[in-house]
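By letter and in written order, the chains are A, B, C and D; residue numbering begins at 1 in each of them.
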Amino acid sequence: MNKFVAEFLGTGFLFCAVVGSGIMGEQLSTANDSLTLLVNTLATVFALYFLISVFQAFSAHFNPVVSFIFYLKGEITGKTFLTFSFFQILGAITGVILANYMFELDPVCFSQKEREGTNIFVSEIFATFGLLLVILLSSKDRVASVVAAYIGGAYWFTSSTSFANPAGAIGRSFSNTFAGINPDDVALFCLAQFIGALLAYFLYRFCFAGNSITSSE
Amino acid sequence: MNKFVAEFLGTGFLFCAVVGSGIMGEQLSTANDSLTLLVNTLATVFALYFLISVFQAFSAHFNPVVSFIFYLKGEITGKTFLTFSFFQILGAITGVILANYMFELDPVCFSQKEREGTNIFVSEIFATFGLLLVILLSSKDRVASVVAAYIGGAYWFTSSTSFANPAGAIGRSFSNTFAGINPDDVALFCLAQFIGALLAYFLYRFCFAGNSITSSE
Amino acid sequence: MNKFVAEFLGTGFLFCAVVGSGIMGEQLSTANDSLTLLVNTLATVFALYFLISVFQAFSAHFNPVVSFIFYLKGEITGKTFLTFSFFQILGAITGVILANYMFELDPVCFSQKEREGTNIFVSEIFATFGLLLVILLSSKDRVASVVAAYIGGAYWFTSSTSFANPAGAIGRSFSNTFAGINPDDVALFCLAQFIGALLAYFLYRFCFAGNSITSSE
Amino acid sequence: MNKFVAEFLGTGFLFCAVVGSGIMGEQLSTANDSLTLLVNTLATVFALYFLISVFQAFSAHFNPVVSFIFYLKGEITGKTFLTFSFFQILGAITGVILANYMFELDPVCFSQKEREGTNIFVSEIFATFGLLLVILLSSKDRVASVVAAYIGGAYWFTSSTSFANPAGAIGRSFSNTFAGINPDDVALFCLAQFIGALLAYFLYRFCFAGNSITSSE
């Protein structure tokens, strides 16, 4: 049972951090998107590091495509994958609503930020491909710092700012702020994320699995 | 005895860092609060990391609500909790006065920065809830980096900028600068912090204690 | 075989990160090169950390002069050095083209950014000397964080911004953006890099090899 | 013998990083001292981390007051302390001259930046007190990250920006740039540094030595 609480709390804190730091950055900066994305990046990196470190002993996917790949690897059942996804999405939405509330915005205000175009779609495939490859090849000891570092880089080197997480894409549509996404664009983001995750899994299977001296579990 | 010195020195350095870096940021920046909060964050993250790493072998709570929860867990006596709190508050005030002095301000100048409102109160409950949950679930080996990362994120994803420490709230009222807080607002901050800490402790007790493969002590 | 895939993927991700974060920084910043170099630095540091951590179990040179020095040390054959170099250069070019594409630029647009002068040449010798010395003296356990930290510093303390990598110099000539380099200047950069690497290797051989309690392999 | 090379190279790289990143920050920023001190901080943190990690197996004081305290502790002889100090000062000056050269400044241009006043003097005592306390209490395994974090914080929470190093104070007088110091102010800085170091050593001796489960050596 505490696995579900861990997935709910972890994903909740994570997207509270992603959206809240974006709001704080916007409220403080004087029209400088670069500085806002920088503080958004640092808050997300810090959040990923402490959340994975702390909840790893229970469960620390915080991401339906991560749970999906562990289901394909046979480490969790299909039912666990679905239950995890439910708690992850619930957590992400709750975290975003809490962020809106703390910063005196309407608890729910759907985003009007359009994130569209073929290059954004490819960027999101690439971002999720990288995230899953990194997770599949990380040692358990380093996964917190490695995943945090990956996202810290990928916020800047992909044009979609690396959502790489369907629960995050859904949750971020609930806030019309810096880190938001128009609800109309969420479905394509999720599609891109599953494609990227599958590509990483296949590459891992055919090229790296078995030879690695480290283990993802 | 060196436990008390450690709590005094550690809390002193910590709030000298919090307040001093805010002053430095204000004196250098050209009216950009975002950049000032960023350097304030980094200085605090660095300070927490080196202070916990260095004083952990003696005692490294630096925070009355942390000592209170370890008292509830039965790891320290009520008298130790009170003595620790005394040295923590004394340390925080001393550190803030030293910061004021180093930057050529009046050693004591009470803050006029209002930090009020229901959403700030809820934010402070949430911030302290997160901090204590993270401390209770951290392995001893990682607690320095995990706590530093938590505060580094929470400065940005909570609207109260995560004081999460009654000694800090009291100390920060002694400086009318970036990181200050109006003395009138300190009591409600402390109340919110104890509520948040108790919520974390109850969640830990009912959900995570016993199952964790890591230990908070 | 997976060694070659690791070198290709790692170098590809690395220079996608270097170039992509430069483009993102330029597109977001309002004419502030300092902030752009800062985000460029952080993205590169994060990328080096996760890439070396993850691919270290296979192969993680990502740099022909690094492979060359390991060839001189007798750890890889001349043929492996040449094959690694091929995949590293191919990876760097692919990563840069992908970055251009994701940010809606022409996939290939050669850089017009001149990087010339004796002091730049000396800077690049010094930068590569430092990188190789650091790699030769690092323990395997710390090489990811040490190399990331080295480059994070060297981006700022050398006037050439520490390319220190022939594959990177070639790849970065394919993007007319912040991190680019005019193709005419690539050859001298590569020469400087080999000189710096050899100086580090000779210093290591005559002064530190044998006495080190750590091992580079 | 490689101990002396390590002290020379390490101190050289360190103050090349301190001064060079200050020059780069000044050349890029548009009159924003806060951003320049931020990049100066990050470059110094990265440099301390990789230099201590890499040269620790040989010798990694890079600072005459650090060597002096280890002499008082009986870990090195008086002659070694003097030889180390010589190589540290030579390294710092060489590193600063190299930084000046790489950025196309006159190799030697003495600083006109005044750093005076009682509060600056007290700040420098406090800064060095903290640095030495941290070094004396660090485990060997963590000393690189702990010292880097200490300086990263102290650059911001002391009004003297924590020189905390006589070799550094001398070296930094050779560059009339951001990180420089007027040669006339160097002697008082060195005095403050020895006072701070002695205070830390006495506190360590009377309060923490013997009880620590960690060891500074």
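Couple of notes before you dig in:
In the analysis below, a residue touches a chain if its C-beta (ideal position, glycine included) is under 8 Å from a C-beta of that chain, and two chains touch if they have at least 3 such contacts.
Note that the structure is a prediction, hence the values are computed from the model and not measured.
The pairing of chain B with chain D is characterised as different-residue: of all residue numbers used at this interface, under half are used by both copies. Averaging Cα atoms per chain gives one point for each, and the point farthest from that of chain C is the centre of B.
Taking each chain's centre as the mean of its C-alpha atoms, chain A lies 40 Å from chain D.
Distance between chain A and chain C, defined via averaged C-alpha coordinates, is recorded as 28 Å.
For chain C, residues that reach two or more other chains under the stated contact definition are 32, 35, 38. Under the contact rule defined at the top, the touching pairs of chains are A-B, A-C, B-D, C-D. If you check the complex, the residues on chain A that touch chain B are 1-2, 5, 9, 13, 16-17, 19-21, 24-25, 28-30, 32, 35-36, 38-40, 42-44, 46-47, 49-50, 53-55, 57-58, 98-99, 101-104.
Those residues of chain D that touch chain B in the complex are listed here as 31-35, 37-38, 41, 45, 117, 119, 122-123, 126, 130, 133-134, 137-138, 142, 145-147, 149-150, 152-153, 155-160, 203, 207-208, 211-214.
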